[in-house]
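Scroll down for the structure; my scribbles are underneath it.
By letter and in written order, the chains are A, B and C; residue numbering begins at 1 in each of them.
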């Protein structure tokens, strides 16, 4: 694996299979170490700056936890209110400024390309934690780590991805990584929220077997893993259509009964109605374990880019 | 005292007299230790998550100080802006998510019952730091600790509680704890802000001697302790009535002169006009010491529920 | 140098030349130590409270970095939302409350004089990080430190200060400190944004040589250092005038070519258009180094007022 020391984490496609295997190994080591003690000291004295121009409590707290579990410190901008951006400063200048304070930056920004701008200007490594409709690579990495852990391997995967596949930044990044492992993919969505043609044709070129359907039940029955996502009301002009679609992609107790074998269920969270609370006790319901895995994966990335792994 | 290890702190009435005595002892030990050094290392490596769906700088900073004085780390959501709640996530799901990051949660939420919901879903202990009109148990505990310290004992208490006794979450919780010690209670309020009948009848059942009055001076003269609270403008429809009432419950230099003996004055703060600045130098004015005691009490609770005391 | 132990940092004019020389020495020592390791342990166990009633991410993160690089902890109010101020609490009461939590307070507040109020009430040292149109002394100190580092000395300075000299809190504080070193000063501004007469006459009384001009090029050619500031749109009623003025105080590649010798360029940042990106690679462009120096200077001040230097 090429060293990530000093590197930025900007895009899901920057990783080779070997990178990912290395990251999985390191995250897994940290997971084991945290079973023995609460926190490590590997990044003692280092400072992480979280710059959230668009608030996201979940992602921010996950990174801040990862840094602290490694013994590091955190400086935090939880929202753009009062930031220099309001005074007309470029993202690049902000990144260069914060480079004078911290050792690594995690940035979320509503504009696509902004994380790259920050990284180009910064003198320290930058991690993209979501740049609008663009990328959110650490989410895809934690998904891959979770699949590896839950299924024991990344070989011979059959995955159903469900919901809003058109706008879902998460699923776009994840298919990119899954394609490295020749996974077979079912894309389950309403007609108007299908996976963009650009992505499907690209997958086909790589020889990935894909199937598109509106039928969750059928797709799920042949899958080892269901990756659920939220269907966002604001994507619809016709609310009747929204209600119909929303209702058709729901995992509940009834649905679980129809599954022939244990199936792993993931979701990037937050969920609204698409996975009912009664599903939480199902052994394959792995979405909260997925949240925890995010901490280990982010610990691995922080340690790697700061040259400590 | 029953161990608090792994327990939630949700309601003032969950504590026995023995619990409180134990908590006082531990808080007092921490207070002594902090005179010798700035911070301890008891919770090194542990992480506290403060989730403030309703902002409260004072309470949040008190908990974050307590955690850091014990050597622990903090991840913090200072307001609900950008939280997953805005995307429709339940408090339970948020709590379960944050359980994957932290070792203990402190939550404030505008809705009554929300802290219980969080605790039921979380896999780590949850401390209620105010759930709307509901409870705020750590405030009551720090009040009790302060009374114990200022008066030297919790025996033979005669306490005047003053102000908005109808809506005051703080006084409701405090009388509950004071009743464990058979305190004699004066309730001083305008007619429309009297202590709810449910509470007074309950106290009477327990054999607590109570007296209700509108006359602060009279009540105070027989009390060892005056517990002032703020009268909130927004509780009144008639603003003339508000001005009259507000003016009648004020502690100032004149008032102090009429007191026959040293009387301890507490207030949960912030105050507006009900205690005048000239009172601050009065030896019995203990409200800023009360703030400091909050740190020791919260240190005790954090240490106890994390199994370190 | 008089010890700063336990002192407040409120106003640029509280420092003697000896104070500044001492501060420069300490900041410089910290800078050297941080080349060897990421963080020190001098303030281990100490807690800094940052109270930003008016948000300023840059200044807040600089102080929080300084505290953490010294091994200390931080509690933070990033904006006034949800603060007790909203409930009518005075700045003094807030400061006294936070004195019960932390070991030192950094405050920014939109009202002039508020930092002094906080300091008078607080039982711990208070640092003014900007009180409206008032003071922001640590900015002036980091400017002085930067000048000392960039030019090798504070003797025989010739400085051009450029932009909005009327409203610029930063330049007002800086001239005060520069006057201690008998610097020769060029004030470059449009007519309506000239340095206030009170300040210029005061400087003249001290025997400081000053020159006022609208011509940046001329002033710059005789200066060792150009201190740029942002011209704020909101100061103008006539927008045509704003555009004219703004355009006349710009440092770009063309401007640099006309400089006869290496000239140091500073800016308190954020910049908008007044220094063009192509200037960033110019060896004398010191504004991002200036940002980094802010951390060392604030480390020095924190260590000094907490009695550790």
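We take it that a contact is a pair of C-beta atoms (placed from the backbone, for glycine too) under 8 Å apart; a residue touches a chain by one contact, two chains touch by 3 or more.
On a predicted model such as this, the values are computed, not experimentally measured, just so you know.
Enquirer: With chains as vertices and touches as edges, which is it: line, ring, star, complete or other?
Expert: Topology of touching chains reads as complete, every chain touching all others.
Enquirer: Can we say the copies chain A and chain C touch using the same residue numbers, with more than half in common, or are the two sides different?
Expert: Chain A vs chain C: different; shared/all numbers falls short of half.
Enquirer: Using mean CA coordinates as chain centres, what's the chain A-chain C distance in Å?
Expert: One centre to the other, that is 40 Å.
Enquirer: Return the residues of chain B touching two or more other chains; collapse runs of consecutive numbers into ranges.
Expert: In chain B, the residues touching two or more other chains are 76, 78.
Enquirer: Using the touch definition from the top, list the residues of chain A that touch chain B in their complex.
Expert: 37-39, 52, 54-58, 61-62, 64-65, 68-69, 76, 78-79, 230, 269-272, 288-289, 291-292, 294-295
Enquirer: Inside the complex, what are the residues of chain C that reach chain B?
Expert: 44-47, 49, 73, 75-78, 81-84, 87-89, 93-94, 96-103
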